[in-house]
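Two complexes follow with chain A in common, the first pairing it with chain B and the second with chain C.
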Partner chain A sequence: MLWHRLRKNRLAMIGAAILLVLYTLSCFGGFIAPYSSNETNKYTVKYGPMLLGGYSIDKVGEVIDEDENYNEIILSTYERNWNWFEGGVHFHNSANEFTFRPHVHPLREYQSWDEYGESEYLMAVDRTISLPIQFFVEREESHELFSLCGFFPIQGKTHLMGLDTEQLPSDRADLHPGLFLLGTDILGRDLWTRILYGGQVSLSVGLIGIMISISIGLVIGGIAGYFGGQVDFWLMRLVELLLAIPGLYLILTLRYAIPDKLSPRQTYMMIVAILAIVGWASTGRMIRGMVLSLRESEYALAAKALGGSSARVILRHLLPNTASIVIVTATLYVPYYILGEVALSFLGFGITEPDSSWGLLLKDCNVSEVLKYNPWLITPGFFIFLAVLAYNFLGDGLRDAADPRAYLGLSKKAES
Partner chain B sequence: MLTFTIRRLLSIPPLILVVSLLTFLLLKTAPGDFYSQQEADPARSLTEVLRQKESAGLLHRLNPSQLEALGEFKDEGATWSFRDVGEKIPTILQDGIIVEHRLASHSLLNFQVGSTRYQCDDEGVVYRKVGPIEGFFSWFFNALSGDFGRSYKFNRPVFGIIAERLWNTLTLSIAALVIAYGLGVPLGVFAAVKPNSPIDHTAGILAFIGLSIPTVFSALLAVLFATYSGLFPIGDMRSLDYDQLGFWGKIGDRIHHLVLPAIVLGTSAMAGYMRQARGNMIEALGQDYVRTARAKGVPHTGVLFKHAFRNAVNPLITMFGYSLASLLSGSLLVEIVMNWPGLGRLVFEAISAKDEPLVLASVLISTLLLVFGNLVADLLLALVDPRVRLS
Partner chain C sequence: MSPISCHTSRMLQWNLQATFIWRRRTRFSGLLGFGWLLGFCVWASLSATSELNAQSGDSLQSAQNNANLDSHSDDDPPIRRKRIRRNTKLPEPTPDPSIPIGTPSPAFLGEAPDDAIVVNRTGTYGGRFVYAILGEVETFNPVEPKGATDQEIRALVFSSLVQYNNGDWHTSPDLAKSWEVSEDHLTWTFFLREGILWSDGTPLTVDDVEFSFHAVFHDQIATSIRDGFKHPQTGDLPQVSVDNDRNAVIFTLSRIDSQFLTHLGAVSIIPKHLWKDHLQEQDPTILQQMTSNSPPEMLVGSGPFVLKEYIPAEKIVYQRNPRYWKKDSRGQRLPYIDEIVILLVKDLNLQWQKFEAGELDIFMDLPADHFREATAMEKAGTADLVRLGVSLNTNWVCFNMHPGKNPETDEPFVDEEKSYWFHQLDFRKAINHAIDRDGIKRTAFQGRATAIWSSVTPGNRSWFHRGVTTYPYSVETAQRYLDELGWKDTDGDGVREDDQGRPIRFTLNTNVENNLRQQIGNMISQDLKKVGIDVNFKPQIFNDLVTSLRDSHKWDMILLGWGSGVPPDPANGKNITLSSGRLHAWHPQQAKPATKWEARIDQLMAMMDEELDDSVRKGYFDEVQELMGQNIPMLYLIAANSYCTIKKGRLGNLWPSLLRPQLTWNLESLWIRQ
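On to the complex of A and B.
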């Protein structure tokens, strides 16, 4: 029933589709990514996204200087310009013949001198050479083709995409081939690769966190609602305590109490634990309210009268009846966990280098100079937005589907 | 209503007590503190650092007779004891032999007898480390008399620092609320008047986007926009030449700096109001009194604005108490990205610097704000809507 109504909701289906794509991408991240997660390259630092264009270089002047033997030499001053949809991924080979296989130009480094004798290296495309992108390439080092946030890994050497560098002249040391669809970060790592690996963390934190906090919420809310009295009173005071402290402040204070030096796995667990501790309170309160009203229902009384133990009545009769609402709330709350991880990592208290997460990737943007000259570094934020949007679409659709009154456009008053 | 208010007000002190105890204990479980780095720094005088710790209430100085009473204890493979020789500082014995204070402090910088921990500086002054519970109560009784401690980093009473930053955060939050109400409510009402029209659908999608866009992302986008367009300043609350501006110039400069962060912070709240306003308005338009008014021949705009709108918007006005509380938490990231010197950034800086009194006081103040905001919202709701019964 729920599924039927959900399928008619277009936005919810779009949300589900986006989530499916995002989770598939991150699960197969190691396979889809052209590089490994931490492949730094000093020659390709801060290069723009090849999907959108490339840098061209122009000689703008000359500087006359002397070499060590006091001979006059001429040094060039270059200026680098970004070209939209030019010099990036293209469909012709080195001989300028059209092909269906996408190609990219290799990067060439230019040493540009200014009038003070200072030089800097500028990376721009070499238009004379086109390197074909190959699919299902084998690389030497082994990596995880598939993993569910680090579990059930399948090892392999295949990458979905890679660059064929055979056509690259071997005597040219100034050419650096690279397949950077979304650009590179401040350490020359491929951003697309980092986003895929970062998604494994950012997307799974939400799911695992919500599962833990829903479990805590179910147990505590169930107990509080069923037994009432003193148990209920004190558990609800605990919930109020947790809800009284502004969320992010509580998260940061909890983080403060934990040692800084943690292994990647421990950091991950820590983030999930913190988010679940902060997050269970509101679900717990909601479930308590529902159990409180269901407790007096005929089937619960019947189960009790038939000699069912408290645990049995709570687990077998009361909690299953809260399922649809729990699923809806869980879906609507997942974004808070994703954003919690993003906030922690962005502030430097969560996932740390060399690991990757969407929040951590955004941290580089927090310097306005870096952001100004490398605006593509903001791309991970778009992925966070997409994930949150998809969860909201889906959650909203689920809510409408679970509540037929809302679905039919009737208000409660109109019905009664 | 009066009993409700009194009961809610009475529940605040215990809540604050528990929140402060919890925060205090969390801060104390953390490994190391503000001074650990200074202790390890050979360029700093250990005596001075420990004296600072004492004045911060972390250590308690012991006199020689108390130290002699400790008896013999083992530390780093040697047996140590103190002897009271009638001077201000005790003589330190290592395996029964008198050692120089400076040498002894190498081993005795941190030592433990039983479950109590001590520190000894290089002049032979020995301190007892104040335990978390004891520390909490001494902090708490000071707090009762209005002394919330001094910030380690700024070396000023925390209250002054927080008051300054809190004002900035409130300015930002209120500006964000103004934007959220000013745009959200009219849009929502507009969408509700013509449900399922293209305007309604567009507004719905916009609401989804506003609700889903992470504040970090929108703040970074705003910074990007400011750098490329040059229309807005990139951060901070005022320009460098602020002091030279006239009265109106100062106000203009402040507003100029406020606009972008307020829009970023207001976006998500705006989307929420818009949905709420739409829902309320649709419900109000379906009510009997609206039909009656129409039947009486009240003109369309009159029905919309006099009958439906007032009923639809009442609960929204009261929501600002809840929103203020959530904006407080939400503004943290905006403040950090957009360099706004508010409470959220203060907490972040204090946590990074391990400035415990400042963290504690900020968490308390923000909790108080949140609790009061919720209380005011509940009361307003009851005041405005006679159907709501508070008990």
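On to the complex of A and C.
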């Protein structure tokens, strides 16, 4: 029933579709990504997204310097310009013939000298050579092909895409091939690869976190609601205590308590646990309210009258009836976990280098220069936005679908 | 048709579609394998056609153009050619008598003393100078300045007997007009200038000087300034006495100290008439005075400025000291600037944005990730960029070679196998060869840095030594060293095992707050992976890092940096070089030098202390650097280039220096162009 009503909600279905795509991408992340998660490359620092274009180079001047024997040498000053939809992914080969196979140009290094004797390295495309993108390529080192958001990895050596570098002239040391669909970061790592691996963390943090916090919330809320009285009173005061503490600061404090010797994955699990421990309070309170009203219902009273133990009544009769609300709230709360992880990593308390997560990737953008000159580094923010929005659409849809009044055609308007 | 059969037929359709796709995929290998990228393919092909159109006509010509980039042909319009100007030494500003004098506000009180220092500058009075510093003021008390911020601020309000000139790297007279040194270099007599007044109008006398030294030398006041005066073995301090007839202060030393003038410059002279009751024999309360809580008018000094207002976490405002005693070449009294505002901004990015918005007049220590914005401002004519060359600050990695045990748990500080690896010289050589400094330079520093092999960077023109052993990047050499040690990858997992079969795996720490270090650390761990060493790179919170460095000694490999002291003399780094030093990172606070070469370094440093001739001292320190280079206890990596930016044409008499504070060390003679 719920499903049929949900399917009629177009926004919710769009949200679900986006989430399906995002989760598929991150599950197959290792396979889809052309590189491994931390493959630095000193020659391809901060290169723009090849999907959107490429850099071209212009010589703008020359400077005269002296070598160690006081002979004059002439050095060049270059200027680099971004060209939209030119010099990026294209469909012709080195001989300029059209093919269906996408190609990219290799990057060529230019050392540009200024009049103060300082130089910088500029990477721009070499238009004379086109390297074909190949599919299902084997690479030497093995990596995970598939994993459930970082867990239960299946290892393999195949990548979905890769660059065929055989056509690269072997005598050209200044050419550096690379397939950087969304550009590279400051260490020359492929951003698309980092986003895929980062998604494994950022997208699973919500699911695992909500599972932990809902479990705690169900247990505490169920007990408080069912027993009432003193139990209810003290558990609800505990909940209020947790709600009154500013969440981010509690998280920061708890983060200090994590021992330092843990592996990155264990640290990650601890972060999820911290988020969940802080986050269960409101869910618990809501479930308690539900249970409080349900325990007076006929079937609950009947179960009690027939001699069912408290645990049995709570687990078999009361909690299953809260399921629809729990699913809805769970969906609506996932974005908070995603954003919580983003905030923690951005502040340096969450996932740290060399691991990847969307929040950590976004950390590179806290310098104004990046926003001006390397705007593609904000792409992870777009993915965060997409995931959060999709979860909200889906949650809203689920809430409408689970609302009996909407189902019966009784809106609030009609009621009043 | 029943619902079930409908379902099966739909499945059949799906199957058909799947096979169809599969066949097509085999036919046009690739294109449909894209699947999820199909959407973009459409417009990519659109753009590709436009590219093709553009290229089809003149593909040959574009190839030629590419070639032309390298060999410039005669037909093209002439390319402007400039000669490289390298700033080896920044020139001292010269006076210009045509500059208007202007009127100071607040005005000066009284007359400058006859004994005043005459600074060879000219300038116009007036204006308000705004800049920002990182962090917060802990105290205004000059007896115990905490941190670099407090020291910079101290120099505005207080003066010393001598002053270090950052511009020409030389100590010059300040409150003392001259000094005499006895034959045995143990008695120093400093003659005080006559007629100098404190900012409240009281005369500054030799008693004030004596009082200030008594405060610093007091047993119960722990200050880092006093440590410099201590005899390294006996801990004796110099004797201070006063000669009222000659208006002189006399210091009697227990040994020859080449750095005596430097230590002297660190002692600010404080007014006795205000603080004499707070220097008790027992439990002196002078450190509780002149803190950031006390009212500004209590901060009486003899420096160019006086404190006007302090708002915690927001700003410090200084105004001209109306009784300051220096004059310029036209006989006008200094300082030129009416008011100085120091904003306390905690975040470097925010500080930069304030500079870009024109709220700040200068921005010192420009980080690499703002360089492009700074050059853009330079080109747009809104800011001047000062290129100071290679900075004196170093970045290094170091292995924990502490052989000790934790007294509480009786566990060794460093695991036995790690200690065994780290003590192998060939292992450290291999690591040094395996680190690609060029890679670090290109990524983290965006090309604006220089590889270094010793604690002295090429920027330090007095102490840089070319003879230090270098370990150029070479994976092959690194692998050869490790192979010769017998540490090979026996089980094929890409990680080498040592001669006892233990995989070479350890942790690299750095502080998580520093983005630059995180990037360097990441590059290093990648480099070491290439030679079969598994490094677990873990950035840590700075406080945790300091705890493990100082107390628990529970770390394997660490990435940190040294900032440079002023003056840039290696004697300032004794904490690092001496085996008993607290910052002797690889094995701190040794009771007795653990190795022969460390003993030799201790000996050389002691010889340096007692030698007065700088060229001989340089010879000693060259040997120290060579010993450090041969034994590589610390792997020095890279030094960034140093830049400062100034609002276009804003300041006159600027004399930028590599030494901190690069632009504001001579604030008394800077003037504001309106």
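One rule holds for everything that comes next: the second predicted complex is superposed on the first by the 400 of 416 C-alpha atoms of A that agree within 3 Å, B and C clash if a C-alpha of one lies under 4 Å from a C-alpha of the other, contacts with A are read in each partner's own complex, and residues count from 1 in each chain.
Here, a residue touches a chain if its C-beta (ideal position, glycine included) is under 8 Å from a C-beta of that chain, and two chains touch if they have at least 3 such contacts.
Please read these numbers as outputs of a predicted model, since none were measured by experiment.
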So, A:Tyr256: does it touch chain B (first), chain C (second), both, or neither? both
Partner chain in contact with A:Lys157 - chain B first, chain C second, else both or neither: neither
Check the contacts made with chain A and report whether chain B or chain C touches more of its residues. C
Is A:Arg7 in contact with chain B, with chain C, with both, or with neither (first, second, both, neither)? neither
Just checking: does A:Cys365 make contact with chain B only, chain C only, both, or neither of them? Give me first, second, both or neither. first
First (chain B), second (chain C), both or neither touched by A:Thr128: second
Answer with first, second, both or neither: which of chain B and chain C does A:Ile245 touch in the superposed model? first
Mind working out whether A:Phe382 is in touch with chain B, chain C, both or neither, as first, second, both or neither? first
Scan A:Ser119 for contacts with chain B and chain C and give back first, second, both or neither. second
Counting only touches as set out at the top, which of chain B and chain C does A:Arg316 meet: first, second, both, neither? neither
Do chain B and chain C touch any of the same residues on chain A, and if so, which? 256, 260, 348, 366, 368, 372
Residues of chain C defined as touching chain A within the complex: 28-31, 33-34, 36, 40-41, 43-45, 47-48, 50-52, 54-56, 59, 62-63, 66, 69-70, 72, 79-87, 349, 352-353, 356, 369-373, 387, 436, 438-439, 442-444, 446-448, 494, 512-513, 515, 518-519, 521-523, 525-526, 536-541, 544, 641
Give every residue of chain A touching chain C within the complex, in rising order. 21, 25, 38, 40, 42-43, 45-46, 51, 57, 59-65, 74-76, 78, 85-92, 96, 98, 100-102, 110, 113, 115-121, 126-128, 133-136, 141, 160, 186-188, 256, 260, 263, 348, 352-354, 363, 366-370, 372-373
Residues of chain A that touch chain B when the two form their complex: 11, 240-241, 244-250, 252-260, 335, 339, 342-343, 346-349, 359, 362, 365-366, 368, 371-372, 375, 378, 381-382, 384-385, 388-389, 392-393, 396, 411, 413-414
Complex contacts: residues of chain B adjacent to chain A: 15, 18-19, 22-23, 26-27, 29-31, 208-209, 211-214, 216-217, 220-221, 223-224, 227-228, 234-235, 282-283, 286-287, 325, 328-330, 332-333, 336-337, 344, 347-348, 351-352, 354, 359, 362-363, 366-367, 370-371
